[in-house]
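Before I ask anything, here is the structure I am working with.
By letter and in written order, the chains are A, B, C and D; residue numbering begins at 1 in each of them.
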Amino acid sequence: MYTSLKEECYEANLQLPKLGLVLFTFGNVSAVDRQRAVFAIKPSGVSYETLTPADIVICDYEGKVVEGTLRPSSDTKTHAYLYKQWEAIGGVAHTHSTYAVAWAQAGLDIPVFGTTHADHTHRDIPCAPVLTDAMIQGDYEHETGCQILDCLTEKALRYQETEMVLLQNHGPFTWGKTAAKAVYNSAVLEELAKMAYLTLQINPATPRLKDALCNKHYERKHGQNAYYGQGC
Amino acid sequence: MYTSLKEECYEANLQLPKLGLVLFTFGNVSAVDRQRAVFAIKPSGVSYETLTPADIVICDYEGKVVEGTLRPSSDTKTHAYLYKQWEAIGGVAHTHSTYAVAWAQAGLDIPVFGTTHADHTHRDIPCAPVLTDAMIQGDYEHETGCQILDCLTEKALRYQETEMVLLQNHGPFTWGKTAAKAVYNSAVLEELAKMAYLTLQINPATPRLKDALCNKHYERKHGQNAYYGQGC
Amino acid sequence: MYTSLKEECYEANLQLPKLGLVLFTFGNVSAVDRQRAVFAIKPSGVSYETLTPADIVICDYEGKVVEGTLRPSSDTKTHAYLYKQWEAIGGVAHTHSTYAVAWAQAGLDIPVFGTTHADHTHRDIPCAPVLTDAMIQGDYEHETGCQILDCLTEKALRYQETEMVLLQNHGPFTWGKTAAKAVYNSAVLEELAKMAYLTLQINPATPRLKDALCNKHYERKHGQNAYYGQGC
Amino acid sequence: MYTSLKEECYEANLQLPKLGLVLFTFGNVSAVDRQRAVFAIKPSGVSYETLTPADIVICDYEGKVVEGTLRPSSDTKTHAYLYKQWEAIGGVAHTHSTYAVAWAQAGLDIPVFGTTHADHTHRDIPCAPVLTDAMIQGDYEHETGCQILDCLTEKALRYQETEMVLLQNHGPFTWGKTAAKAVYNSAVLEELAKMAYLTLQINPATPRLKDALCNKHYERKHGQNAYYGQGC
């Protein structure tokens, strides 16, 4: 019934190990079907080497299983909350990729230092603060979703423009119009995290990228008159 | 006679180079058979490229060879001591993986900075102090096992919960319910060591993970009401 | 009509992912035909996995498309300007390789610290300053080419001897007698950037390589009496 | 005539890219035939991808070509000098591997910090000082060999025990009883260089390994009563 949705989710999940973003089962990707108001997500703790499309679990926007015999990712309620709140996204990815996790553990936003970053977002990549003890002891994965949204709201970021966030002491969450785009953003974030790390090691006083160049690169790829790519 | 035990040990050893945890022969894995009170271990200095299941050596809990024509790993007595003392473990792994060795050489515990770490243990990964000269000049590999146990005792760590340790100036030892799990823990430790290293480079003042989040992640994977994985 | 030129450009582009210099589509290579005064360049935003020789776009020295149905790289005018100004070059490469970008973001020249560097150029690898706001808001990619030339002029560098440059806040551009040589230089630059980074981490007071050794290595490979290689 | 010698040299050279120790042609390995007083060495600047056993060049202990149509490595006279002076070595390797070069550029010995290092040598890996201008302008590659020998003499190191050295501002040279062992030592040196680098980043005050443990590990692998390996 959800064959093509499961297939999309499965293919996107397989990109995580291929792109070097996960060790063992440290990641998960989901893909949404807006018409049926459900999303497909990786089952919890299943190895990428044995995963099949039939293993993918279908859930509703509350994170309840609609179809599937396996338990969905332990992060399912975070995915569910993002789909419920952000109607324009089609996929969500979560990894524990090395450099992105290091920034998350350090509890710092990743400053925009160059055009590689500005090609994807003209803002620093935000690090949402660690959850309060009450949130952790409550509906933890749901609260994780709330914390991500609150962080974007507080920093006046639009989720259509900033498709990646760090959660302090945890790691990166990314999203996009499709599950494949969410995974693409996870790989970009990991590379930006590594570049920013090296930049500060070389020159701890590196200033942020100036606005004119930041906007130029973002606009040539995402603006009304964008001329990067094939326009399709 | 010990065909399946040798096979298990062989397969676990082959994971070390596959996971990028060893250069040449810098590592060894063993697997125990509790009923027969013996363990299988890699022969010393044999290349992973030429290793066969028949090369695996069978030893008793004193480290004496029970079956096999090759000399067992030079670290055999360390493995033997751990099997003798810790009845719930099924496998032991030892590597010289790069980042774990760096922490061991620096002589420092790896602080718990995030959920990737807390998913595996809610305590810092301990660095057992370097052996005394008397221990080194005595029964060195046996004393290495003693030092590991003493370290866990002193820090009030249970081996069932902290399945990894650094030995100062040497490198990591890990264990688990199976040889495969011991190898899994070696890979996790190497990743945690790299993440913690990067975290402190980005922010030298990074505090340890707060207890509520540390316990939450450990419990959701290992607690009575764990909901990570497929519960099998 | 431009079959062999497209093929040369295609092959050179494929070396970028093979050498680990690009993530996704973060790079482009071009190859010139001096007799026909055109160059072949990668189409914008097309994945290296699906790229075919037929996708390659042919442009003139103003960056206008002469043949091809796809939109050329967004950096086409930078390539065009370099071909127009530097008549002895046959190829240009641009990447966002990690360590070279880190130096570019840090806004620093890469000092010559050893013979690996001197084998390729006896000068520091220059970092051209970030473009002014007026240049960014004007004909940006054309101005990028101007900035590269101005930087070499100001530092009294000859493009025949220094075949690589960083552009501040952006990344590396390299060139050479062929497109393949330009790509070779991109890989060398990335390695030199990594080596210089590590050198300063180990010893922040490392002095530049002394002139005698710097010249010796450059001359034994590129001088009149060069004896490195097979002399062909 | 020198078929098996060329084959040995060829096979050892191919290990360099396989072990990740060279970019392009940045390395060379030689193998000696003591009975005929000649050695086989890689031709200069020939790609590892196209190299064949027939391309290997045979030279005498003065570095003069005895057989072969290609020009030998530009470092041939350094190899020749080491063979002439050290009668017990069977192979020499030279690379520009990243971390070893970084230490060489920093101009520092690599301190012995752990057992991975002590398993191979119980001394710091020496960094021979940069050549004087007179040496550079004289018979450069021959003088490079002299500088390596002088460094070992000054530090009272025996070449049979310390089979690796850094040359300041240049990179590593290693040797051993066979060409394969020389290459093995190049890979070990690169790993030790990386581990020592990381160790000092984590704890800049890390002391050297104490003598008892240093000697224990060296002796259990290389001493009269060695029990590492299969004793053959």
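Everything below uses one rule, namely that a contact is a pair of C-beta atoms (placed from the backbone, for glycine too) under 8 Å apart; a residue touches a chain by one contact, two chains touch by 3 or more.
In UniProt terms the chains read A, B, C, D = L-ribulose-5-phosphate 4-epimerase.
Every value quoted in this text rests on a predicted model; they were computed, and no experiment measured them.
Comparing the residue numbers each copy contributes, chain B and chain D share less than half of them at their mutual interface. Chain A and chain B have CA centres that are 32 Å apart. Chain B and chain C have Cα centroids lying 46 Å from one another. The set of chain D residues that touch two or more partner chains comprises 201.
Because contacts link each chain to exactly two others and close back on themselves, their graph is best described as a ring. Chain B makes touch with chain A in their complex at residues 113-116, 184, 187-188, 191, 194-196, 198-199, 201-203, 206, 209-210, 212-213, 216, 220-221, 227-231. By the touch criterion stated above, chain A contacts chain B in their complex at residues 23-24, 26, 43-46, 70-71, 74, 96, 98-99, 101-108, 130-131, 133, 136-137, 140, 169-171, 197, 200-201.
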